[in-house]
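Alright, structures below, take your time with them.
One chain, subunit A, appears in both complexes that follow, with subunit B as partner in the first and subunit C in the second.
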Partner chain A sequence: MPSVALKEPQAGQSGARWPARSGLWGATAAREEARLGRWLVLPVAAVTVALVIYPLVLGFETSLYAAGSTLSARGNFVGAGNYAEVIKDPATISAALHTLEYVGICLVLQLAGGLVTAVALRRAFRGRGLMFGVLIMPWALPSVVSGVLWRRFFAPDNGLLNSLLLHLHLIHNAQVWMATGWAIPWIAVVHVWGTLPLITLILLAGLQSIPDEVYSASAVDGATPARQFWHITLPLLRPALVVAAIIGLVDAVTIFDEIYVLNGIALNTSSVVMQVYNLIFVQADFPHGIAFAFLIAAFSALLAVVALIAARLRRTA
Partner chain B sequence: MKPSPAARALRTIVIVVIAAWSLGPVAIGVLTSISSQNDVQAVPARWWPHQLNLDAYRAIVGGVHSAGTVAGCVGCNTAADASAFGQSLLSSVEVTAEATLATLLVSVVAGYALSRLRFRGGKVLLWAVVGTLVIPLFTLVVALFRMMVELHLINTQLGLVLVYLSAEAPLAMWLLYNHCRDLPPEPEEAALMDGCTRWQAFRMVVLPQMRSGIAALAAIVMLLTYGQFLIPLLLGSTPSTTPVTVLITEFVGKYTTNYPILAAAGVIAVLPPAIIALLLNRHIRGMLSGATG
Partner chain C sequence: MATSATTKRRAFGVSTVFGVALLLAACATSSSGQSPSGNAFSPHASVRGQHITVLLPYPVSQKILKQFTQQTGVTLTYETAGWDNVKAKLIVANEAQTYIADVTEFDWSFTGQFGGGGWSEPLESALGPTLIKDLGNVNRAFDTKGHTYAACYSNDYRFPIYNKKDFAAAGIKQFPSTFAGLASALNTLKRSKAAPYAMSLPLGATEGGVTPWYLLTLAMGGHLFNDKNQPVFGAPGSPAYKALQFEITARKNGWISPGSVTLDDTAALNNFEAGDAALMLAAGPGNLPLANDPSQSKIAPNAQAALMPGVSGPGGSFGLPEGLAIPVTAQHKNAALAFVKWWLEPKIQVELYKSAGFLPCRISVLQGLARQGLLQGSPAALQEISHVEPLFPAGTPIWYSKFDTEAQELINAANRGTMSVQQAIQKLSSDTAKLAGGSGS
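Moving on to the complex of A and B:
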């Protein structure tokens, strides 16, 4: 299951609505407010520091040392050495290229599919509520379990995909899909199956923020639906498209569950996170695994920031 | 504006295709789970089983199977696997309930405080906590594993719950912060004017206002927790800490080509999240699209 989207912050709203109070009573009330506030945020702050910040620092430290003789021991300080080795590793490069392929396919399918779905669901119709329940189903299911349900589809010999394509005479021999060049595209399709609902909901919210009058006014001026789509819908939808693209992007960069269930740790479909898993879980090489994980995290954060800045520049330009 | 008949027909087609795409894999899973191994192995494949066959469910739930050995799996002990499957479902449900409760307790009060109370450091804390959302969980797993070993929390549900809490509380807090900020502030103002303390106003006025937001968030956190895979794969190896997501991948390794048994396990495993999604879809939808607004 993919992550959840984030709204852009709106500054200067919190706490600003209260009537001004003066004198001693106001000062006491403000103190009471501040004390209560600090108590109420204490648990979340403690959890974040203890279980996110601290392990982050601990992990970063591990990534700077060579592997020790035992799993809990550590070797000599190597600085950025582990990072350099990870970048030069051929397995890293092939995993990175695969991930690029996953990301490209996922983004195109998600945005195109999400746009079509959102447009179709924009206006009310009978059964739309039920349809939404159906729509979010793939997002709600654990991606590992979805992968298990898809497995028979890609089975070699008499899998459903083979049977279908043979029947349609699109292929002449049954394919071992997970061993061919089609393995990555098909795994990407399974990934998109799970993420499309979220992308659709984001785009739908964007669509519904476009006022109906824009459409009726342009229709009066003789615009065809196709021209309306190109000249009204797409430009006005750009903020939502950017958010959807960033979420789809970060999600696809970290693709793992579907690969694990459909093709295990096989090299021909390995993604960057799969390579981290391989280093940490299979080879028990913690320093290199963590170094790689940090590189991926930094890279996807950078991508998201660049995309946001690019979107903002284009909006102001 | 009224759409033309052609546009309406096109929309109907698109909607049917989306419904088929969304439910197709689940439907194939259900059909596979009631097929016999003969149906599944037939060439060409039989999408529709020749007759209803509940052997897969008997094996996965009751630990019995009609033949002496399970096809596609030599030396499998279905009785042991069935009991492990039941145990893992129970564990998934328990840990999901515990983690959801913990996440809500922590994030409801924090979301309220950050959106409604003025205190020094509030803004900084909000952004620091929300900022941790960009840190992928897999960068933390090794350090978390070591911490859990040191704290003797490895292979305990408490250890898993703490890690899920740290992963989900920032998101939950952020969504509730937005939700709380969008609620009308007048009821709380009136309560304060009437002499309530801030805490009383929160408990008796704001908390009831937040009910639908909390319900939506509970659903989202439940779905996220139930779907966790990498964390329990690392932090839990005992029956009470192996969720159904992890167990099902073990089954994939064991019952490689016994699709009916795998599908039956998958169908049972998706029941809890599917029910939540269907029952609470309106709330979930509002929270997800509201979150991106």
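Moving on to the complex of A and C:
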């Protein structure tokens, strides 16, 4: 029988003496623990396979076949043909350009707005708890519900926006906002309204991890608040900014609910996910729709990886 | 060594996961899905005690639905969702070959896709030749590949309905029969301010929003497709061009609300019923009873049907019948068939017409309603039937959804001003020609 060294309890510890994790006994215990861990994880893994991996694989397989003469019967195997057709489709290019516009506007508004809000909420003040509650509310609302609310705001005939701008004489006629060049920016604003709380919380967590002593020391050296923000807050907040940017980016790429509720499938505001919806749920063209969905997922993942690598390179530089 | 063993275990684990998933996927695709069976129905089987679900876009009074349960002993869940949403749900359920309901909506536009795809049970044998004959030519919209896939429950087609009180206030004694007369009437209505807007016209990127363009093209003496389902609307100056130009002109002249480019047909009808417009150009027989129902409409009882204007007299219209179908995935097909037959009983057809506005398709029922003077909008609504033609002379093709989606988007884009009329029509024509496998004109 292998000898087992028993650890004497340290000062302050209980009197129980546990076998040290060394030797054959330690390796057996580690294996047992690993085996137990695998069994415990098995149910979740099974659910993940059934609900995530299996549909992904089935979907990918479907995307390799042509739509065929009937929609429920597999057509010919076309390999990457559907992917090539989707990339070349003018509707895809238009939707992709619109999506870039959404991403650009959303990222700027989310990061700037989130940073300003996080800085404002960093210090304790009277009513801070109430402000938090108000801040969270847009995030708590389902995006479809908030889209319906905002639709009233933008309504051409008697919406709040038109009424306000007409009253202030900033416009002379009621505008159909979703039919103008302002449609995408306004939809982006509605989207940011719903996601700003999450971004703010991420940045606030990052701000609160910056020690106060750093600011105190810089103040002693004569740093102004602006310099503190630029030379202390922003650099130390970079990891949180990267996380917020990645989350905001992926969220903006997959924008759908606000577009659908505010403007339906109209071409002037179509996004890549809207185009996937059109292909799959309206035209029942599953192979092309799934191919497009995989392309979007791959592109989003690539953007996230590039952002992470860029952040790591900056840190090591 | 430990690291290598761990890496090998991880690689094995991941491979196993994907292997299992691949195997499941292969099993899923190699197993045969359900398809229409010749013997789906057993006429003498008892259905008492069964429960079915019906999915349609329009609500029906529970008082009427209870009669079905009392008569057959079959209990019922009646589900509704917007028309576009019902279509999306049916597509997903049918593609996945999963149960969604025992009786479902089957629009004329579904025939190629749903019937041709084998998603619905053929009904011609189950309904019988007498009933099929009584459903008339309008039910042929649900025929494809030698089978009938639905039974018509709503004899829908398009014609204008107007508020006769607003027209009288504007001094217009008769509804115009030509487009020139219509333009004049709309200007008069606008000047008179009898209603906030002269006309309610849905122009949103939805099924209801593209229907006016289809209607106007036919009314202006044109067609969208020939008898081989090839597009024939691409020539500059064609009725299709003029139809789209009319819509744009309506917005520019202030005949319709600027927000019309975001409206679907339900919202446009609501605006008309609220008195916000004096005329709804692309209405249907079902809209008239509802517009004259004081519990639902502020303009009741002033809604009146009119013949669709044309170039030099009444213009053409097209049929959009809707039917009841039984999916191949239905769980209680005999009970579902009992529901369809019950719905088509003359007494029930009359009750549904009065309460929900479904104009019957059965010729015998229509004749009975006309004899009793119960057909709202007659004689105009009945006269319009003689001008109704199918949008697809050769039957709705399987690619109709793709064509319709693109038409919704492009016609809407032209109405919003982001595309010219020529760009929109040309693109739609060339893309449709590719779908149809021809050159287009």
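Structure notes:
Everything that follows uses one rule, which is that the second predicted complex is superposed on the first by the 282 of 317 C-alpha atoms of A that agree within 3 Å, B and C clash if a C-alpha of one lies under 4 Å from a C-alpha of the other, contacts with A are read in each partner's own complex, and residues count from 1 in each chain.
We take it that a contact is a pair of C-beta atoms (placed from the backbone, for glycine too) under 8 Å apart; a residue touches a chain by one contact, two chains touch by 3 or more.
Quick caveat, the model's predicted, so the values are computed rather than measured.
Applying the stated contact rule after C-alpha superposition, one finds that A:Phe286 touches each of subunit B and subunit C.
In the superposed model, A:Asn263 lies in contact with subunit C only, and not with subunit B.
Counting the residues of subunit A touched by each of subunit B and subunit C gives the higher count for B. By the document's definition of touching, both partners, subunit B and subunit C, reach A:Leu58. When the two complexes are overlaid on their common chain A, residue A:Asp212 makes contact with subunit B while staying clear of subunit C.
Contact with subunit C, but none with subunit B, is seen for A:Met178 once the two complexes are overlaid on the shared chain.
Of the two partner chains, subunit B is the only one that A:Val273 touches; subunit C does not reach it.
In the superposition on chain A, no contact is made by A:Lys88 with either subunit B or subunit C.
When the shared chain is aligned, no partner comes close enough to touch A:Arg126: not subunit B, not subunit C.
Look at A:Val47: by the touch rule set out above, it reaches subunit B but stays clear of subunit C. The residues of subunit A shared by its contacts with subunit B and with subunit C are 45, 53-54, 56, 58, 72, 155, 157, 280-281, 286. Every residue of subunit A that touches subunit B in the complex is listed here, in rising order: 1, 3-7, 13-15, 17-19, 30, 32-38, 40-41, 43-45, 47-48, 50-56, 58-59, 62, 72, 116-117, 120-121, 123, 125, 129, 131-146, 148-153, 155, 157-160, 162-163, 166-167, 193, 197-198, 201-202, 204-205, 212, 215-216, 219, 225, 240, 243, 254, 256-257, 260-261, 273, 276-277, 280-281, 286, 289-290, 293-294, 296-297, 300-301, 304. Within the complex formed with subunit C, the subunit A residues making contact are 45, 49, 53-54, 56-58, 61, 69-72, 74, 155-157, 173-176, 178-179, 263-268, 270, 278, 280-286.
By the touch rule above, subunit C contacts subunit A in their complex via residues 17-18, 20-22, 24-25, 28-29, 33, 84, 87-88, 91-92, 94-95, 97, 113, 116-119, 204-206, 257-259, 261-262, 264, 398, 401-402, 405, 408-410, 412-413, 416-419. The residues of subunit B lying in touch with subunit A in their complex are 1, 3, 7, 11, 14-15, 18-19, 21-23, 25-26, 28-29, 32, 40-45, 47, 105-107, 109-110, 112-123, 125, 128-130, 132-136, 138-144, 146-147, 162-163, 165-166, 169-171, 173-175, 178, 181, 185, 189, 197-199, 220, 223-224, 226-227, 229-230, 233-234, 244-245, 248-249, 251-252, 257, 259, 262-263, 265-267, 269-270, 273-274, 276-278, 281-282, 284-285, 288-293.
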